[in-house]
Amino acid sequence: MMRGLKKWRLFGLAAALMAFLAACGEEQISTLQPAGQVAEDQFDLLLLSTGVMVFVIIVVSIIYVLAIIKFRRKKVGEDVIPEQVEGSKRLEFIWTAIPIAIVLFLAVPTVAVTYQLADVDDMGVVDAEGTPASVTVDVTAKLYWWEFAYPDLGIVTAQELVVPTDEPVYFNLTAADVKHSFWVPSIGGKTDANTDGVNTFYLTFDEESADLEDGVFYGKCAELCGPSHALMDFKVKALDEAEFQAWVAAMQESTGEAEGELAQEGQELFEQSCIACHATSGAGTTGGIAPNLATFGDRNRIAGYLPHSEENLKKWISEPQEYKPGNLMPDPGSLPGREGEAFSEEELDALAAYLFGLTVEDDM
Amino acid sequence: MDINKQYSAQTWPDHPETATLEGKNKFVGFWLFLGGETVLFATLFATYLALKDKGPSGMEITASQLFELPLVFIMTMLLLTSSLTSVYAMFHMRSYNFRAMQAWMAVTVLLGAAFLGFEIYEFNHYVHEFGFTYGHSAFSSAFYTLVGTHGLHVAIGLGWFILLMIRNAKRGLNLYNASKFYTISLYWHFIDVVWVFIFTVVYLMGVVG
Amino acid sequence: MSSTAQAQKKGFGATLWDYLTTVDHKKIAILYLVSGGFFFVVGGIEAMLIRIQLAVPANDFVSAGVYNQIMTMHGTTMIFLAAMPLLFAFMNAVVPLQIGARDVAFPFLNSLGFWLFFFGGVFLNLSWFLGGAPDAGWTSYASLAIASGGHGVDFYALGLQISGAGTLIAGINFLVTIINMRAPGMTYMRMPMFTWTTFIASALILFAFPPLTVGLFFLILDRMFFANFFAVEMGGNTIIWEHLFWIFGHPEVYILVLPAFGIFSEIFAIFSRKRLFGYSALVFATILIGFYGFMVWAHHMFTTGLGATANAIFAVATMAIAVPTGVKIFNWLLTIWGGNISFSTPMLYALGFIPSFVAGGVTGVMQAVAPLDYQLHDSYFIVAHFHYVIVGGVVLALLGGLHLYWPKMFGTMLSEKLGKITFALFFFGFHATFFIQHFLGLLGMPRRVYTFVGDQGWDLYNLISSVGAAFMALGVITLVINIIMTSVKNERVGNDPWEDGRTLEWAIPSPPPFYNFKQTPLVRGLDTYWIEKMEGNPEGMTYAEPIGDIHMPNNSIIPFIMSAGLFVAAFGALYFIDGDKAWPLPVLALGLLITLGSMAARSLKDDLGYHIHKEDLLKEGGQPGGH
């Protein structure tokens, strides 16, 4: 009796929670607030299957609660020996047939959407002039950061993916070291970045990210990849078509040259110690071992997850292992030209001035 | 069961290997074990097929260049024959002819040992002629692991045969050891069957390309 | 005579020796219970550390590297070293009795299986003290497992290899026992449900463990012996590992849950005083679940990139498992329907199981919707799903089974009052911990994260989850208190302490004499003991034979030594790759020599057992223990 009630209360609670959550999950990261066609399809499947499952649970619960209430020993009698029923062919048939029907009902949209989401036929299709009709991004997952290359556009960026809204964007996904997985919950489900071979898929971004709290969607690495797996975040900026084109143009022109005295000092330091790994131009000509910093000033986070402040940048440069255990950026002392020496406060100021000055959005 | 009970060809049961509960258990248990072994080899075969000819970029060695059928054919014949001789051994076990059984088992062991000798020669040849070491490529790892696991089974089988023959040399047949002889011969047939698959999948299909 | 009473008489050394050498399935059951229970507490403490770390955002209770070790060891320990051995404990304690056998088919191998599991588990856990535990997840995906530094993953591969061999042996043993050792009249369709599920689970072990064995060998060979199975730059392929692991891994979850179903089937029948409804349908559904279990492994790999066709096929195949599982659920419901339900502690667990498991099962079916799984995969939704089925299914069965079979195993009755408190705490804590995790997953929280940034909408839910886990811990502690108090009180009980026992194990003393049945019973139908009881047979059994000599196997220390040899060898293999020490190779050889030597000793020495003579049996009790 008691437990029956408890169970019903649980369902009430579940329903209330559902409503509560839909209103209040963080829209930049919740699968319950889809902002793209893929995530919407998946959300619809979630609603459909949840509905089916709630139905199943209700049926089971009704029988269960009734059985417990009606046939408890207090009511039936201490010494009663019930009839030893063997079974029932008809009942067996019913509870085999109905679940089969339910499963078939669920199987149809499952198969349909599976094929639909795997449809990348239009990837790389070119128009009459030979320009690609859609954007293709080559994503390479590395310990613990993301590289986004746009081969058709000749630009490379990292940590923050920039895409146009309202058109399918195609992805080639691979991993450089160990397996990772690419996931932007509010835009669409995940795809693994394997070390062997390339996975292709598409996503559609239906909302401009500028309206979001931080101006970005949140992306996650969803496959255990080492100590800093939890911190292997990235961000997505979805721009409307015109803005996107402007961004691309600005990227193509960006050179990574500093403006201002302090920043130039920073650039010198950078070229001495950092350029071997980090590129600073939109074309991504140098480096490649580490995130391209051409858009560093535009970014939302440092190293994917730290708030984008000068203080954090200095902390990061001084002690990268402290903030992302196991990542591949060396401590200042072991950088080229440092000979074991950490950066002084002035040097850090200079580097920060230089890096925060690396922006393309100002030129858009 | 009394281990010292003496039998004659007349009183000896038709199926001595399953005449006792222990024997029956061993019989069923060993068949099940071979079921598990089958899955094990199936997994190794699948891996081999997935990794066949796969190596670092620019790898030159492929199955069709590596394998030479004549040698492998001789090995196959040796092992097939040994399976037959182990059948003879079992035939004599059933008809309570201990000495003939031991003799045929000895022949089986010799054939098996010859097979193993050729296999060692073959591996050695690949390593020294082609530099096809275990760590050469994914292909080499998969090849040596599949064929080597089989070879290890052969070696274990030989050791088992020999141990049984020595242990029972003075004792003769009884219901206690009949099921032991039976299981080893079952095991030997299994090894033989696996080899037939290796011969086909690895060597024949390898040479064909 | 009870084992505790014996212990008092025998002195510690003799008891220890007795347990090291025993081949008696009832004592081996106790060994499994104690070591499985120990590992359950270890895995549980690891779970608590996980929940403490994740209680608040940006926590630094443990570091990233250590978290990954704890998380990996929690999953590995719970699955391989806690849940399976605990199930083996009940299988060993109960199945031979249920089918009216004197022991399992291979008592010696039974002991060997246990010691292999034990040494494998100890080896795995020694990693904590020898440079760090494995940290690539219990799934140990190849690219990360190969890249993982230190020896953690080597401990994982070698430890699981050893304990896996033990599991395989145990599986074969149960299969043969059930095929060959059933008492006269015990046809397959008269076998108790727990025996049936043990049978099918053992068959799954037989076919599922070899792929794991092979996968682990590849991992060992790649990491320690220069092979290239998973080295992509050498032509290797990491997806092979994923396939091998899940071809094992999916059946594994049914290996866990089928025996749990068996325990619940017994409980439902006993505590509703009613025959299992639709027994033959239940049997058929069990077989079908076992069969389907091998067809669906790729549902763990929907996001790997196998292609739409593979995903679609595996999605639909996976959903199909809902059908036979549903058949079981409804048959249990109809078993209690029309029964006379007593809310004893074991029954509370069984009743708690139904809604919990159905909730976990249906989220499984949601994950089978492949495109939806792209969202759910590797998120906390998955964590919620599998703890609902594992804790809500398997662990509840283990706790229920513990209360149910405690009197049969130890001859005393656990306190009902404390039992109910344990249930309440654990059950509440379980739902509080894991229900909320579904939403964490949907809100975008990936699994296997050692920390999370605040203000992503997850903070409160994680805290709730952690508080729930504390309740589970309180429940477990109550259980431990219960066990201690019961053992101290030591109030003996009779054959059928629950009074409504239906199967043969309840027809003989608690605990049973070491030879189980003085006379082999004759089985005249399903629920043998119930039939006899209802017909007023005071003996509780019809006998198939007159009293006669009983043949018993000898105790042996060889299984212990054989397993210890592999344990030693594993250290050699493990440190071989370092290349800076001279001893690993000799140690490897020495270990293998110990194992092979004791194996040879075993086959060279005839072990014919001994007989308990009729006269001693008539004197009642005979003489306990082996020789």
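Labels for the chains are A, B and C, by order of writing; each one numbers its residues from 1.
Throughout what follows, contacts are C-beta pairs under 8 Å (C-beta built on N, C-alpha and C of every residue); 3 or more make two chains touch, one makes a residue touch a chain.
Remember, predicted model here, so these are calculated numbers, not experimental data.
Shown here, the protein chains touch in a chain-like sequence that does not close on itself.
Overall, the chain located most centrally, as judged by its C-alpha mean against the mean of all protein C-alpha atoms, is C. Subunit A and subunit C have CA centres that are 36 Å apart.
With centres set at the average Cα position, the gap from subunit B to subunit C is 34 Å. Computed centre separation for the pair subunit A/subunit B is 52 angstrom, with centres defined by C-alpha atoms.
Contact of a single residue of subunit B with at least two other chains is seen at no position. Touching two or more other chains at once are residues 236-237 of subunit C.
Against subunit C, in their complex, subunit A makes its touches with residues 3, 7, 10, 14, 17, 21, 24-26, 29-32, 39, 41-42, 45-46, 49-50, 53, 56-57, 60-61, 63-64, 66-68, 70-73, 76-77, 80-88, 91-92, 95-96, 99-100, 102-103, 106-107, 109-111, 113-118, 175, 177-179, 181, 183, 185-186, 188-192, 194-197, 199, 218, 220-231, 233, 305, 325-326.
If you check the complex, the residues on subunit C that touch subunit A are 63-65, 68, 135-137, 141, 143-144, 147-148, 232, 236-239, 272-275, 277-281, 303-305, 307-308, 311-312, 315-316, 319-320, 322-323, 326-327, 329-331, 333-334, 336-343, 351-352, 354-355, 358-359, 362-363, 365-366, 368-379, 431, 435, 439, 442-444, 446, 448-453, 455-457.
Across the complex, subunit B meets subunit C through its residues 1, 3, 21, 24-25, 28-29, 32-33, 35-37, 39-40, 43-44, 47, 50-51, 54-56, 59, 134-142, 145, 163-164, 167, 176, 180. On subunit C, the positions that touch subunit B within their shared complex are 105-106, 168, 172-173, 175-176, 179-181, 206-207, 209-211, 213-215, 217-218, 221-222, 225-229, 231, 233-237, 240, 244, 247, 600, 603-604, 606, 608.
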